[in-house]
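Each in structure tokens, the structures are laid out below.
Two complexes are shown next, each including subunit A; its partner changes from subunit B in the first to subunit C in the second.
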Partner chain A sequence: MKTVIDSVLSPIGLLWSNWRARLGMVIVGGFILIAILAPWIAPYSPTSQAFGRMLPPSSAHLLGTTQLGQDVLSQLIWGSRTSLLVGAAAGGLVTFIAIVIGLLSGFLQGWIDDALMLLTNVALVIPGFPLMIVLSAYIPVHGVGVIIVVLSVTGWAWGARVLRSQMISLRSRDYVASAEFSGESVLRIVFREILPNMTSLIAASFMGAAMGAILGEAGLEFLGFGNPQVVSWGTMLYWAENSSALISGQWAWIFAPGLALALLGVGIAFINFGVDIISNPKLEA
Partner chain B sequence: MRYLIKRLAFLAFTLWLAVTLNFLIPRLMPGNPAQIMVQKLVGEGPVNPQLVRAVGIMLGLPRGTLWHQYVLYMHNLLHGNFGVSYTYFPYPVMSVVAQALPWTLILLGTTTIITFILGTSLGALAASRRGTWFDTTATITANFTATFPFFWTALMALYILGFVLHWFPQSGGYNAAMMPQWSSAFVISAVYHSILPALVIVLTGTGGWLFGMRNNMIHVLGEDYVRLATAKGLPRREIALAYGARNAILPNLTGFAMSLGTLVGGSILVETVFSYPGMGYLLFNAVGNSDYPLMQTIFLFITIGTLVANFIADILYGVLDPRTRRGGVSA
Partner chain C sequence: MQRPVVSIEDVVVTYRSKRRRTALTSVQGMSLEVGAGEFVGLVGESGSGKSTLANAVLRLLTGGGEVDRGRVSFNGEDLLMLSEESLRTVRWRDIAVVLQSSMNALNPVATIRTQFRDVIRAHRRSSWSEQQVDADVSRLLSLVKIDPKYASAYPHELSGGMKQRVAIALALVLGPRLVIMDEPTTGLDVIIEHEILSDLRDLQRERGFAVLLISHDLGTVLEVADRVVVAYAGRIVEDRPAKALLNNPLHPYTRALLDCYADPGADQVRITYIPGQPPNMAALPPGCPFWPRCAEAEEKCQQGPVPPLTRLDGGGLVACHHAGAGTREGADPNLGRSGAVYVKSRANASASHHPVITVTGVYKTYRRNRLPLVALNDVSLTLPRGTVTALVGGSGSGKSTLARLITGMERPDRGTIRFDGRDIPRLGRRGLHAYRQHVQMVFQDPFAALNPMNTVGYTLLRPFVNYGRLSSTEAFKRVRQLLEQVGLTPADAFVGKRTSELSGGQAQRVVVAKALAVNPDVLVADEPISMLDVSIRAGILRLLDDLRAQRGFTLLYITHDLLSARLLADQVIVLHRGEIVEQGLAADVIQSPQHEYTRLLLRSIPNPRRRTLAAESKVSP
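Coming up: the complex of A and B.
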């Protein structure tokens, strides 16, 4: 039991010792806390239209109100749930696809590798965001679930390629050969013997994917290709832009969701930076 | 030569795949765009089936078996016939796209080159002065700018530099009172209008190159031949440029595919925010107006552009680094 706890805690402790990663963990942790506590810390319901419309920031509405008279701060707090959900779900799905394709492709040489690599290279060069737009234009239902699926289908190639390279360098190790000789199945060798040695790489690609998904979702919703009725940072920016918030001086309404997105992104990037430095200490600035 | 053939084959395959994907997506997706379009054209209420067919023929909606449609689609594609735009009816899609294409090509072409040069030089500088205030400032700033959402940076630039300070125009690609033409006044107006969108793309896109270059160069600077150069007493500048940067710049090019994808996606958002008359803004409007032929053609053009740009980068890489030619596709 002690070793299990150690194996989870020691990488976190290692990350904590790096100041960038520590800052990143504090930022992301803060957002997670805000998302969990949203019902208690948000001053009003995010969908209540009980207030004056397009109010500038005041003590009652710290960030003002929307064109429908909703409280911007409450929307900002509740919106963190959408971004974190999309980041975790799409990031997880993307990483899962990347692991399966990257590891199998790197371990199995021959035509399966060639075919999977071709698929990966194709997925890598086809521009993801335009594809997301086209796919969401043809899907009649709009919502967070659809966006997660679309993001996962379009985002896995880079991770698969990185994991395949790592796989190729690991598969010639002695312990892999001995596992092969002892008659273990391919799936067991790949996922039980080799996979645990790639934790830092997988963590890095998960965070890269999560960040890409969060920005992608916000971009799609900002363009109005999501469900505009969902409370999220992307739809907040969509409504702010469509209600000419900048011209009417409602700068807080636009400024806040974008800053939240950027801050969450920076937090994830900082954690990733820490992971990089731990696996390659030469990068330390 | 083998490398060139291999890359050409990959280009041909991806082009065919993109074209086929473009054909399949609308046909595999749920919902019937043609029906929606006819409904939109004839208005609300019950629709006479004959009318639906008549409108369908007028717009050139697909009929016949899937294979028949595919052959027809390929035939039309090879002849540059992309159908009629719903929004700009009766103009063919091709003429609408032709008007938007140069704007995006110039904006994206220039910003891609600027972000590469700027990011790579800053990254090299940061790596050669590792641990100094410059390195720390550059990496932390890049950390922030690279994670700013494109459209938000665009909105902020629009608000501060356009709306509050009035330094730059707030929307469009040129002075709306002018007609697009090759006069110096028009070109100046176009350049003036493109500064803000370009600035946003450069600001957001540079960080990726900076990190890639910095990491590669730190790796190279740890090599034995650099240590030898240092031991020989070569000037620091020469080591950084001739030994470090020169060897680190090539691996940095492998990130081109991902970087270009980010820039292409970002430019769609930036063009939309600035109402810039390029492909991104056109795509946004096409989706908003359910103009499916226009939307698909734009997607096809964006994809082909990205594929060709990647092909050129691959070939350049192969010319500059003989090892890739033997190793085939970079592992």
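Coming up: the complex of A and C.
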């Protein structure tokens, strides 16, 4: 039990000892807290239209109000939930697909590898964002779930390739041959013997995928491919743009969600720096 | 001794890791002088601090290592205090370095000639014409016995041994006064290693530069060096002229190291090994760091201060409370340490002729860069049940390929490999799974063969679970038994350890245990001791021998080392360039080798005793 706890806590401790990762963890942790505590810290309901329309920032509405008279700050706080949910869910799904395809393809070689790599290469050359737009335009229902699926289907190829090449390098290690001599099955060798040795690479590809998903989701919603009734940073940008917020001087309405997105992205990127340093001690300086 | 070229005084080096908040003092005050034109060998096993010291001299420490104290005097200056720019001119021009990895440090996209030219132009003769450079390159290449026509070759066109020779020539290009060589031939074929070192010795005599040769192998060092310095646990324990050290080693550690060598051709081969593990610098015992492994240790050694390096009347230095007094009375190193001696007489080989594995007419060719590389060419052999066969050969002989074919890791191009009526190359995944219940493998590098993320217990449990179909309590019981059988006691202390926390010897014992978990009929051991420290090698050999006697499995022992083959094997098969050149009973083959290649292999075994022979034959008319 002690070793299990150690194996979870010691990487976090290592991350915490690196200032970049620490900063990243503070930023991302802050957003997670805001998302969890949204009902208590948001001053108003994000959908309540009880206020004056297009109000500039004031002490009652720190970031002003929307064209429908909703409080922008409350929307920003509640919107963090969508972004984090999409980041975690789509990032996780993307990583999962990349792991399964990358590892099996790298370990098995032969025709299975050829087929999976053909699929991966096709997925790689198709430009991601236009594909997302096309997919979400054809799917009749709009919503966060659909966006998560679309992001996952379009996002896994790069990770699969990276994991496959790492797999090819690890599979020729003696401990893999040694596991075969212990009578282990292919699945057990791949997922129990080799996978744990790729933790940092997988963590890094999860971070990358989560960041891509958060930005992709905001992008899709900004272009109007999401459900405009949902409160998220992407829809906030969509409505701000549609109501010419910038022209009417509603700068806080349009900048706040953009800045929040950028800050979350920076946080994730900083954690990623730390993961890099754990996996490659030579970067420690 | 002549005036020293370089004088290292009381250097202390500590590795600090900010991340892990640790500090490890791996060099604990070493002093060492190298005289002009002198060939000094620095010997030690892992943890001795020998490489750290070498890197500290030219301030090439990496991984958080810092010199805390000490001086390195060169030309009246302290190299540790010199500015980075002045040091740059000393490096290579005055003090050159050759590392084990030097051959891989050659620029792969530049010809050999270009690499010499760049150094010559950068450090010495920027005005030299192409002809002058060419002449110099040819001269240097001939010095290290490489045909000057290779000047226009790229590194990948040369063999490993040739690349290391080029690296040595590159080190000499500016005419340095001292060349520091850190394991320059480790990893090369034994025959090549022997050739390079003896050529280096001739070259050094001829040109008069000084050499500090760092090696884990006392045998090799004694053959070439004028003076030998033995390091243990970050300190120097003995520093004496090679001949004196060989004839009358004073420190018990030196004595024990020398006992790890023997003449494989003798009627009775006897080696001893040092009990315990190489020093763990993070947890050194109080007192003399060697006492836990020392046969002569007494109370004074265990408690008092570390014995200082003391100058002896007859010349030389030693750090031991007993030194000078000779071996302490009644301290027979074998007493109370059962199993420390390994004796092999000219006994009759086991008489079994019933083959357990039969290899017939096997061919294997690899294609690398579209060039065919013949690994095995019509090889046939049988492994008689219950015997030990040593498969001996240098690198590229095909011995490891044969091991991979026999264990089913690869398939031959042609030929059959039969075990119990099955043809191994035809087995599918399921057939191989079943085959591995009968034929198991011990790998060369124990750390590569153990998954660093797993515990010892998990590693050993898996074969029981997959093949034994045991309940988990029963399997755990068997794991503990197995650990005790391979000498890892108490077993409970090892079950929960990560494999990455083990020492080299312990890790190899776990690898052996894992292979034996399924109680195989045949064990294939591919160079199981070549990655281990000299002092613990015989222990692993002894373990294999004992386990075989207990369990009666057939052992195929693959090695380049005829001494260990003699100790372990009933039958010896010599493989050269993919063909069997000689085979027979171990004692016969080693005592009266018929093939020239076997004789060459025998001559290349590091054997300190031979030095006296060589030296004396030169003196006598």
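The rule is simple: the second predicted complex is superposed on the first by the 280 of 285 C-alpha atoms of A that agree within 3 Å, B and C clash if a C-alpha of one lies under 4 Å from a C-alpha of the other, contacts with A are read in each partner's own complex, and residues count from 1 in each chain.
FYI, a residue touches a chain if its C-beta (ideal position, glycine included) is under 8 Å from a C-beta of that chain, and two chains touch if they have at least 3 such contacts.
Bear in mind that the values here come from a model prediction, so they are computed numbers and not experimental data.
Once the two complexes are laid over each other on the shared chain, residue contacts for A:107 go to neither subunit B nor subunit C. A count of residues in subunit A touched by subunit B and by subunit C gives the higher number to B. When the shared chain is aligned, subunit B comes close enough to touch A:128, but subunit C does not.
When the two structures are aligned on the shared chain, A:251 is found in touch with subunit B, with no touch to subunit C.
By the document's definition of touching, of the two partners only subunit B reaches A:270; subunit C does not. By the touch criterion defined above, A:193 reaches subunit C but does not reach subunit B.
Touch criterion met: A:224 reaches subunit B, while subunit C stays clear of it.
In the superposition on chain A, A:239 makes contact with neither subunit B nor subunit C. In the superposition on chain A, the residues of subunit A touched by subunit B in one structure and by subunit C in the other are 284. Listing the residues of subunit C that touch subunit A in their complex gives 18-19, 407, 409, 432-433, 436-437, 440-441, 443-445, 448-455, 459, 462-463, 466-467, 496, 511, 514-515, 517-518.
Subunit B makes touch with subunit A in their complex at residues 10, 13-14, 17-18, 21, 25-26, 29-31, 33, 126, 130-131, 135-136, 139, 143-144, 146-152, 155-156, 158-159, 163, 214-215, 218-219, 222, 257-258, 260-261, 264-266, 268-269, 272-273, 283-284, 287-288, 290, 292, 295-296, 298-299, 302-303, 306-307, 310, 329, 331.
Remark: subunit A residues 3, 14, 17, 173-175, 177-184, 193, 196-197, 281, 284 touch subunit C in the complex.
Listing the residues of subunit A that touch subunit B in their complex gives 117-118, 121-122, 124-131, 133-135, 137-140, 158, 164-165, 168, 211, 215-216, 218-219, 222-225, 237, 241, 246-247, 251, 254-255, 257-258, 261-262, 265-266, 268-270, 273, 276, 280, 282-285.
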